[in-house]
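Right after this note come the structures.
Shared chain: chain A. Partners: chain B in the first complex, chain C in the second.
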Partner chain A sequence: MKGLSITFAATLIVVAIFLLLMMLERKKGGRGMSFFERNGVLIGTYLILAVGFWTIVTIIMPMVFMVDLSFRPKLPPSQVGGPLDEYTLKNYRYFLFGSSTSAEAWNTVHIRAFFVTIVASIILTLVNFAICYPIAYYMAQAATLKKLRIVLLLLIIPYWVNDILRAFAFRILLSENGFVNGVLDWMGLAGAPFDFLGANVGLYMALCYSHLLIMIFPLYNAIESQDHNQIEAARDLGAPWWHIHLFVVMPHAKPGIASGMTLCFMLTAGAVATPMVLGGPRSLWFTPIVYDRFYQLFDWPQGAAYAFILLLACIVFVLTVLKISGLKLGEITR
Partner chain B sequence: MTIAVELEKVSIQFGSFTAVEETDLEIQEGEFFSFLGPSGCGKTTLLRTISGFTHPSYGKVRIGGVDMAGIGPNKRPTALIFQNLALFPMMSVAENVGYGLRVRGVARGVRDAKVARLLDQVALSPHADKKINELSGGQKQRVAIARALAVEPKVLLLDEPLSALDLKLRQHMRRELREIQQRVGITFIYITHDQGEALTMSDRVAVMNAGRIEQVGDGRSIYAQPKTSFVASFVGENNAIPGTILATEGELATLDTPVGVLSGRNPTRLGAGGEATLFIRPELLRLSDGTPSECAIPTRVGSAAYEGSMTHLQLDAAAGTRIMASVIAAHASAHPQVGQPLSAGFDPHHAVVLAG
Partner chain C sequence: MKSAMLNRFIVAVYMVSFFTFLLGPLAVMVVSAFNTPAYPQVWPIEGLTLEWFQRLASDAEILEGLKTSVIIGIFVVLVSVPVGLAGAICMTQIFRSARSFYYFVVVAPVLTPGIVIGISTVVFWRDFSGLAGLRELMYDGIVLTVLGQSSFISSYCMLIIMARLQRFESAQEEAALDLGASFPQAFRHILLPFLRPAILSAAVLAFLTSFENYNTTTFSILADKTLTTVLAGRVRLGSSPVISALATIIVMLTLVAALAYELIKRREDRRNARRKKTAMAAEDAELSPGAPRPAPKSTDTPPLRPSPSPRNAIHVSSR
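What follows is the complex of A and B.
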């Protein structure tokens, strides 16, 4: 069995496992009204076909294909499916040791980039949360309808500007003879122009900025659903503001916080355009390295392996965080 | 007696809308004081002003003699029980009750002991570890009371806390609230639009209408000696008969009305010639089928509704006026024929004539 047939078989197995898990879950929950009784046969069938098609064809199959690819060697098209096309771990080995044959030295450049990306994404996510929480709280509990509209507009309109344009705009703002250095110079603060881009300030700012909305909306939704009287009740019982936020608002908004943070983390760690444009010479974001596997080295199997490593790390990290905060995966969609 | 809460020329505006007009009021320490009024008359607004969530546009609020201007709700010696209770659903019953103590940094041991005592007082000890959504309506009510009492407020403010309960439970909780108030001895300020609640529980009642306090007094005087026609018609059932004052004589006034010439007390000393309304309670009418006495309304029986101990008669008088009369069901006159003529008489000292 080679290539596509494996993809198909693996997809079937994944779907079967999923259905099995669902049936087990159902057993535990006891029997409610069946899916078809609730939605009618026609709509029920349509829902199953549509959702099934969407998940299988656009999510599971490409993923399975990429995973399969990541375990194969790089071969010229003529030899694909030939005798040399065997499963191998060498793409993963390359990530660890910088060579597909020896295991003498660690591939420090890539491993470092990988961990820097993860750690920087965690920090950026936390910074993002710190920025977004007060805004979301203001929007959800404090603002009048009119002010809410204005804030929403101010938040949304800047996002009509696309990622890459924004990245270049940041570049212009922060470059050595750019606007910010100009202002600093005018105020007599900076002796020599400061190299913001080299220090990755631009990269971090842009990554933070471009995921503000991703963080704000889940937070806003969660905080908005809290009865304002609860906040006033806490205040009336003598609580200072920090206590109310920590012990009344945040516990209520926990699912929203988790969903905002996980989304923000995933997208930050996986951002491509921004790091490529704004990363300084010393920046080593992991995604441009993955990108290079595909388009500089034309080594798709290795690219797939690298992308898969990043994805896996992100998923493990997110699940760990959810576990620690005592949330179930289903809850973050509330 | 010392004054617990004092409002001095307090008025509250939202933009150009006046929610509470200039109000002076003193509430005594240890008093069960109720605000009674229809929806939207400004009761909640007034309560929120006392607890510090709303600021008076003019005037002063004093609690225990101290001017409360600039003192936030978290620093006032008041505790508010919200219309919807506003319990914390993510905390257990015990954590809810202990929240105010936790905020104050009371040591864990002391706190737990106090929470246990409070839960015992409101008969919730077995439910201490439950989550809020596992409780019944009446139990939630008691958690809210215990949570407010935990911080030992000088004044407990209650915003229609019983409105979500069914009738039986409401009556039970009325008694319970009154008992708790007498046991802890602090001032309760209670809001309701249910007159039965206000009259049975309170030491004094303030009847509010459209942002204005119309009358303050104990339940009996509010019911028997209304000072405005709003109070007369809002508190209890009342027959309102409009007319023109013909003459006044001592404390009585005589009115020319579409149903005849009638007299009643004239507490506000209205002068002759003015428009006024005569109010007479349904249970104070004396029905007879003999010749009408001096102060009586000739009527015909429209319908009769038997309600256990009382019978409520609807009587049709001249000019389309409807008169309600309530008679003890055991009484002979409680079983009239529909259409039968009846004379509804009353003692002029039982009726009251008010402007408007």
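What follows is the complex of A and C.
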């Protein structure tokens, strides 16, 4: 159980860092009351057990183990922990070169899928922001209370519809004998039915559609907290409308914008259902490739490596957003 | 005047096209659920039928998946609400230098793609359950799905409860302790009642999030099937109006729940307003004529803007 020992060690280190930080704080003369004095034994035990179980067993250990597994070879169960179970970069090499032994040719299929996923997710996030911002602004600053209630109700209707069903709706709309082609045909615009799904129009539209609401609510909350008088003042002082948005509303709504964008990117890049339903035969999106490592090839270490690559991309995106906006993590995850 | 009209026209056009995009696909799906052709079709309407709903009601696989989803949802609520509550309480008590580290750990699952959470849960428990001698019990689709989903749903619950906890006045608790209440008593009778609304909305949100989750579930469910994984299999095989029928039911339920919530809220608002009015009238009667009337307490006024969806309670209540 080589992998698990590393996992346990890493978890112990994390817990130790945490305890160390607390000890340092107490030495500096923190508050007098100890944790158990403050909460009582029963409640204190519940708090520690619940949080300990959650953070250690369901967050830290699985994640560390996944990263650890991604550096190991695929072996039959009997040989795990045996002499062949050595750390290797094989799985990452496979991602780059399509073979774990030679480095002659690039693994273009996987690398392209990865970059298409990342670039398309960034573009879709920006498109979602552009679509949602006017609505959020209207809801937060311009609409009357009655209109706002109606708009909110309309927004909630599609909220709990699952991604799979959303993708399914787009298939009804865009398939070769679907609704849109029917309308185009009726209008006499299209000679032959246009293959929207083959051209991936359906995939991008459904991905955009699925995450509109993820974007709109953080934006609405951020803009809503702004005092309308500030906007009025800017207008009275002669600012053109785009100045008001760029220099008054958006700086105020920055946490909401960052939070919406982060969630939107993460969910778009990590979408599984939509590419499976609408992606067509070619592997365009990265997540189906990850899925296939697991349940087509049963190569779990390689799947773990691919999942880790996806996670790294998300971490880089979050860090970039934090860097550009100058916000702290706590401000965007509220 | 002219530019104002133009402005309103642009806003109207934008709103209409936005909501066409947002609701159009759903409308198409709802129509195809009532249309007779076996391939989901919107136009032409060849005849109205409820056949697809009947097929849905007698579809054993979907019903089985639904049952599993509900079971998982209940367990996720039972795990993630208490855990989220504990997480939120710890956040307020933790020492300053450890706080940002702690925060990073507990919020990380929210920012991690569901597929990565599912994968890490499965690979970890496959080996760990064997080591702990719990393979029979733990390496099970339902158990793993509950664990995987709880890891990020607990974070949602924590964020909701934390938002309310920030407005808690610890003086209340201290008063109870001074008056001789024990710690568990103060916790049960002071803190929990205060957090009740947040705990309830966290529970609803946890259930719904678990119910519609696919990304994590598809990895951690192993041989079992939830509603979403059954659906995914069906949709990949081909299109059938039965799926449209299911979507129609989900949309209708959401609509009914949202309307009911709106009605309850309005009635409460009205009741609050009435109460305030009677209270002010009573105060007026008690005060001698000519005495200045105390200003109404601003904390009693109902919130001006309605809060949107339950998931959004995270954002609404924290600002």
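As a working rule, the second predicted complex is superposed on the first by the 288 of 334 C-alpha atoms of A that agree within 3 Å, B and C clash if a C-alpha of one lies under 4 Å from a C-alpha of the other, contacts with A are read in each partner's own complex, and residues count from 1 in each chain.
Everything that follows uses one rule, which is that a residue touches a chain if its C-beta (ideal position, glycine included) is under 8 Å from a C-beta of that chain, and two chains touch if they have at least 3 such contacts.
Keep in mind the model is a prediction, meaning the values are calculated, not measured.
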{"item": "Partner chain in contact with A:His243 - chain B first, chain C second, else both or neither", "value": "first"}
{"item": "First, second, both or neither for A:Pro251, with chain B first and chain C second", "value": "first"}
{"item": "First, second, both or neither for A:Leu126, with chain B first and chain C second", "value": "neither"}
{"item": "First (chain B), second (chain C), both or neither touched by A:Ala234", "value": "first"}
{"item": "A:Leu165 touches, of chain B and chain C: first, second, both or neither?", "value": "second"}
{"item": "Greater chain A contact set [chain C / chain B]", "value": "C"}
{"item": "Chain B versus chain C as contact partner of A:Glu224, first or second or both or neither", "value": "second"}
{"item": "Contacts of A:Thr55 with chain B and chain C, given as first, second, both or neither", "value": "second"}
{"item": "First, second, both or neither for A:Leu42, with chain B first and chain C second", "value": "second"}
{"item": "Interfacial residue positions of chain A with respect to chain B in the complex", "value": "227, 229-230, 232-240, 243, 248, 251-252"}
{"item": "Residue numbers on chain A that touch chain C, as the complex places them", "value": "1, 3-4, 7, 14, 17-18, 21-22, 24-26, 30, 35, 38-40, 42-43, 46-47, 50-51, 53-55, 57-63, 65-66, 69, 131, 134-135, 138, 142, 145, 148-149, 151-173, 175, 177, 179, 182-183, 209, 212-213, 217-218, 220-222, 224-225, 256, 259, 262-263, 266-267, 269-273, 276-277, 287, 290-291, 294, 300, 303-304, 307-308, 310-311, 314, 318, 329-330, 333-334"}
{"item": "Parts of chain B lying in touch with chain A, wherever the complex brings them together", "value": "51-53, 72-75, 78-80, 82-84, 86-90, 99-100, 103-104, 147-148, 151"}
{"item": "Footprint of chain A on chain C - complex, ascending", "value": "11, 14-15, 18-19, 21-26, 28-29, 32, 39-43, 82-83, 85-87, 89-90, 93-98, 100-117, 119-121, 123-128, 131, 147-148, 150-151, 154, 159, 163, 182-184, 187, 208, 211-212, 214-215, 218-219, 228, 231-232, 235-236, 239, 243-244, 246-247, 250-251, 253-255, 258-259, 262, 304-306, 308-309, 311-312, 314-316, 318-319"}
